[in-house]
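Shared between the two complexes below is subunit A, which pairs with subunit B and subunit C, respectively.
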Partner chain A sequence: MNKVMSNKKIIALYVLPALLLILAVVYIPIILTGYYGLTKWNGIGSPDYIGFDNYAALLKDTAFWNSAWHSLLLALFSGLSLILYLAIAMVLASKIKGANLFRKIYLIPMLLSSVAIAQLWLRIYHPTNGILNSLLESIGFDNPPAWLAEPKLVLFALFIPILWQYAGFYILIYYAALKNIPASLEEAAKIDGANALQIAWKIKLPLAMEVIKVTIVLAVVGSLKYFDLIYVMTNGGPNGASEVMASYMYSEAFKSYDFGYGSAVGFFLLVFCLVATWLIRKLTATKDTIQYS
Partner chain B sequence: MTSGIASPMRKGAEGSGSGMAGKIGYALLYIVLIAVAVLQLFPLVWLLFFSLKNNQEVFDLPPLSLPMNPRWENYGKVWSAGNIDVYFVNSVWITIAATALTVIIASLVTFAITRMKWKGSSFVLGLFMVAMMIPVHSTLIPLFSMFNKANLIDNPISLILTYVAFNMPITIMILLGFYYALPKEVEEASVIDGCSVNRMFFRIVLPMTSSVLATTAIINIIYNWNEFIFVNTFISSDEFKTLTVGVQNFIGQYTTDWGAIGATLMISILPILLAFLFLSDRIVEGIAAGSVKG
Partner chain C sequence: MFKKKWTTLMLTLCLAIIAAGCGNNANNGGADTNGAANGGSNESGNKVTVNFMHLWPEGVSAGQNKIVNQIIEAYQTDNPNVTIKQEVLDNEQYKNKLKVLSASNQLPDVGVTWAAGFMQPYVEGNLFTPVDDLLSGELNGKFVAGTTEAYAMNGKTYALPLEFNIAPVYYNKAIFEQYGLEVPQTYEQFKTVVKTLTDNGVAPIALGNKDRWTGSLWYMYLADRIAGQETLAKAITGEASFTDAGLVKAAEEVQALVDGNAFVKGFNGLSNEEAKSEFLNGKAAMFLMGTWELPNFTTNEDIPQEFRDSVGFFKFPTVDGGKGNIDSWVGGPGVGLFVSENSEVKEEAKKFVEYFVTKWGEQSVTGAGVIPATKVDTATLELPQLYIDLFNEMNKASSITLFADVQMKADAAETHLNQIQALFGKAATPDLFAGEHDKAISAGK
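Up next is the complex of A and B:
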């Protein structure tokens, strides 16, 4: 038995396709990104080693820090939106008939491509024919703004479709976590005279905490790497007002053909994501984890 | 149990004192949930409506007016004239090829990690799990240059390789729990019967996992169908583009024809919506199981 199940040839045959692929497509490129960041390179010839010049320039590049700031803002918005999602999930998990149907309906936008969502919301925000401004005009707002052309509004306007797209995903996760809490705990609290709010705050929230921590990492790291939707809707405009790290990297590399500098930005993006993951885990770490039953 | 009215009242009361207040509270909760559902569906309904109108109807009629004489010709027009048929076929075959490869390769490695005995299995598993945290954008420039050197730029193989690699971790993660839970007797019985590992895997284990395989497959299909940045970077000729990039280019050229844009978008999301209609339980299960990928 043990002999058969530790046959080296078979193990190699089963493991190597996946292992080689992940090394070649994920890990080697990550190392190369670090290396290319130390070079001057237009993507065609061979990269010239220039030491830390790109990183030195990056530290002084206001356009880059602007994009990093926008990514951080989106991460903050996404983090805060979790409160809203959690509240909806709590309502959904409170013995609602048809809860299953609701959570399925909520999930639909999350299944669609970001390109389709971006194109749809471009129409929704269309200054003259979009449904948003049509509705605003019909209830008496004259001259509603051109949402995506206003540097002060554009980031908020971009966040709405993101909020819309991911709602179902987080509600689904929270709903599952809340449904996992044994009903006996709630019953016991009710007998002790706790009201619905107290039960939500004192019992459900702490018991769902582990899941909430995971979603904070997901939401924050996910927003640090937003690209598709922003690339299609504004391409970082107007005038860099909605540029984020990934879109900045993309335009440096594939529009300005500065692959060395683009790689430096890409490497920063990786570091940002890893640091954010580590930091959130550290900040939300608790010494004693609560047992369900 | 004696009174038929008492139990729903208590259900609705949710800890509040009087039944009437409880009922109102319950109704309010429903209103909130329905409002959220309307917000989630409303943009898509509007999209369906304007995909069936011409520009005059879009601009002159109220935005939520029903398309009285639906212009199905919008769909026919973009299907052939907009190259959407080519993009659609590409999306279908690239999605299926990448999904099939991912599911089979991930099954092999998950079997080896969970059921076979070898040094380094937990390290290899760790490699796959850590890969989930790496942003695809940070690999884009080297991948572009590697595929360029290998002459795979503007070749669907570059897409299939990246899709398989980047969906591998999530697929393994969904499969893991299932493989750990398989009873030990499966291997014992087949080894005693003189079954080879290959035979055991393909004839016994793989069929046993068919339900979780279906879940991973549908999740892979959704991710592959919607993928944008790799197609946008690696593929330049129309004959290999998939729907996401094709739709984006098409709309870039026909920015003023709302009906055509709506029809194109509807065509690109319809397969996923149909899949959801029939497989929603599996999709929900897969997304919940693989919730690490955001």
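Up next is the complex of A and C:
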């Protein structure tokens, strides 16, 4: 085997299919998007090169900055919700009764498709027949809001299902990271008289830090390019109140038939995500690596 | 060592299988296009495949789907050398797929399109072929006046319409009876109806404004009744301004209706389907919608007979001092069939379209309960009363204004729809609403 793997040609042979695939479906489209972003193109016929006009328009487009702001809010919210996920994972990882069952319960939303989740929550939020408003009415709220129709509320109403949707994924990651911490460390701390909070704060958290950093990047970048649930539940509405960058890109390209502009938005989104990733890596960088021993 | 060798071998085998799979597909694709190409050059004898893409999936439009299959089967029996290959998608997905296919120049031979603004980029991109020769042939004089015109551009017709729709206000007779309400003739009476219903805790109007074009219907009617059909039509085409006093008044009236709780709660977050179910469940008393909903109120067995019997309709009431005519409607041709300019089998495709339009006119009336764009003799057919009444209304219409979002160019239509949602949600004032429209329409894209 070693002999086979040291043969450069064999390595190339094995790497090639995946490489070609990723080139064809990821990198070439990115380059093309970059090019289309410099053109005026309605998706039919041939694109006309117009230089940076689309980007100039983008900088002045309030609807776009609105959607970018919503994306940032979502990213911030996702980042904060990681704390909640981490807390739950810590509880589950400590030896409580039924931890296994709870872990599965939290994981279930992850198995559902976004569209199914969206349909489910559309019914929960239904202004008159929805379970949420029925509940609110039964405990005495006279006129509960129409969650998805109120421009001020809709974005936050959308955050809840997103929080719920990704709970399982992050809890699972944290759970694995916490389980990976040698029990001997915790025992030693206990003998030294540390309480549960101190163990969590001083032992578990630092040791899970590398994983936490990765999840922050995942959560932030994931929210910046978030699309599906919002598309199904509100389609960016009412009047752009829940529009995020990806849904704005979609509506510019596919509804306004402005593929050039849509591509510019898409390319901007890519740059935005790259910068965000770089920033997070920079901000959370630590010099010393932790070693379990 | 032995084991490792096996792993390597298995991996290679996997790769080989994948590669072979890809190869096979490619070959199949090649054979298909060859067949089509031959068919194009050799009129008869050779096998011809016509690709047909439409938007009537069995689950959503059972009636239409059945008719499409019947027509295709009959056509294939008559023309044994022709195979019609269907591809069916749901409305929104259909629009997206058409867009993507056109970008790579792979439109189906025959497909479904909407009129005016929707098909303009396709026509300008030379993707649709003119079908004027069909209009002067067997189909000459068969279409209802004003239907094919919506598909004409630069003096040529690029698609043949299948449906024709107008939008009445459907109402629930049982609810009206319960509260002693009469069908409103004037807008004042209409407002009284709305008030009585809200006072009694019944939602007056089902509206799913997440889809936006639904709210557009309400605005269009108010604009038509207050400012008059001509003013509205001119404003949409950009010849006149939306800041016209009557048009702004219409926008104000929309907000007055919203303030009076005329629409179901949370309408800006509800889809048309959700709103429709409020009406179908008897929770809302009125529903302004196109005649394509007729089957649900007449023949659709999935809907309780009791409800279907209690559905009536009325024309949008006139406004005192307004310039509108009660026989002026919002509506227009629905979808039409186009033939792709780059089709290898253009002649066969055109023949199929001609056949399809004729048969559709005969069968869709009874089979699907929709109103076709071709002339129908209702006297010889046994039809639900609601259908006949609306059909007659359509024939005596003084004018039919095409849906604003279909008429406008894509970008302006998008602005219009967003502004509608903003107007209904009170995020835009009537003046802002008018200004944004003028800006978008004069931008001309």
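To be clear about the criterion, the second predicted complex is superposed on the first by the 276 of 293 C-alpha atoms of A that agree within 3 Å, B and C clash if a C-alpha of one lies under 4 Å from a C-alpha of the other, contacts with A are read in each partner's own complex, and residues count from 1 in each chain.
By our rule, a contact is a pair of C-beta atoms (placed from the backbone, for glycine too) under 8 Å apart; a residue touches a chain by one contact, two chains touch by 3 or more.
As the structure is a computational prediction, the values presented were derived from the model and not from experiment.
Chemist: Consider subunit A as the common anchor and indicate whether subunit B and subunit C clash or fit when overlaid.
Modeler: Partners clash after overlay.
Chemist: For A:173 in the superposed arrangement: first (subunit B), second (subunit C), both or neither?
Modeler: first
Chemist: Counting only touches as set out at the top, which of subunit B and subunit C does A:43 meet: first, second, both, neither?
Modeler: After superposition on chain A, A:43 lies in contact with both partners, subunit B and subunit C.
Chemist: Using the touch definition from the top, say if A:14 reaches subunit B (first), subunit C (second), both or neither.
Modeler: both
Chemist: Output check: A:238 vs subunit B and subunit C. Expected answer is one of first, second, both, neither. What do you get?
Modeler: After superposition on chain A, A:238 lies in contact with subunit C alone.
Chemist: Of subunit B and subunit C, which one touches more of subunit A's residues?
Modeler: After superposing on chain A, more of subunit A is contacted by B.
Chemist: What is the contact status of A:254 with respect to subunit B (first) and subunit C (second): first, second, both, or neither?
Modeler: both
Chemist: If you stack the two complexes on chain A, which partner ends up touching A:228: first (subunit B), second (subunit C), both, or neither?
Modeler: In the superposition, A:228 contacts subunit B only.
Chemist: Check whether A:112 is in contact with subunit B, with subunit C, with both or with neither, and answer first, second, both or neither.
Modeler: First partner only, subunit B.
Chemist: Just checking: does A:164 make contact with subunit B only, subunit C only, both, or neither of them? Give me first, second, both or neither.
Modeler: First partner only.
Chemist: Which one hits subunit B, of these parts of subunit C: 129-137, 273-281, 399-407 or 417-425?
Modeler: Only 273-281 shows clashing C-alpha atoms.
Chemist: Identify the residues of subunit A that lie in both the subunit B contact region and the subunit C contact region.
Modeler: 1, 4, 13-14, 17, 43, 254, 259
Chemist: For the complex, give me every residue of subunit A touching subunit B.
Modeler: 1-2, 4-8, 10-11, 13-15, 17-19, 21-30, 32-33, 36, 43, 88, 91-92, 94-96, 102-116, 119-121, 123-124, 129, 131, 134-135, 138, 164, 166-169, 172-173, 176, 190, 194-196, 199, 214, 218-219, 221-222, 224-225, 227-228, 231-232, 246, 249-250, 253-254, 259, 262-263, 266-267, 269-270, 273-274, 277
Chemist: For the complex, which residues does subunit B have touching subunit A?
Modeler: Spelled out, the residues of subunit B in touch with subunit A are 11, 14-16, 29-30, 32-33, 36-37, 39-41, 43-44, 46-47, 50, 58-59, 62-64, 105-106, 108-109, 111-113, 115-118, 124, 127-128, 131, 133-146, 161-162, 164-166, 168-169, 172, 187-188, 191, 197-198, 201, 222, 225-229, 233, 243-245, 247-248, 251, 258, 261-262, 265, 268-269, 272-273, 276, 280, 283-284, 287-288, 291-292, 294.
Chemist: Subunit C touches which residues of subunit A in the complex?
Modeler: Of all residues in subunit A, those touching subunit C are 1, 4, 13-14, 17, 42-45, 122, 125-128, 146-149, 151, 154, 234-235, 237-241, 251, 254-259.
Chemist: Can you tell me which positions in subunit C touch subunit A when the two form their complex?
Modeler: 1, 4-5, 7-8, 11, 15, 18, 95-96, 99, 102-103, 121-122, 124-127, 203, 209-210, 212, 264-270, 274, 278, 283, 410-411, 414, 418-419, 421-422, 424-425, 427-428, 445
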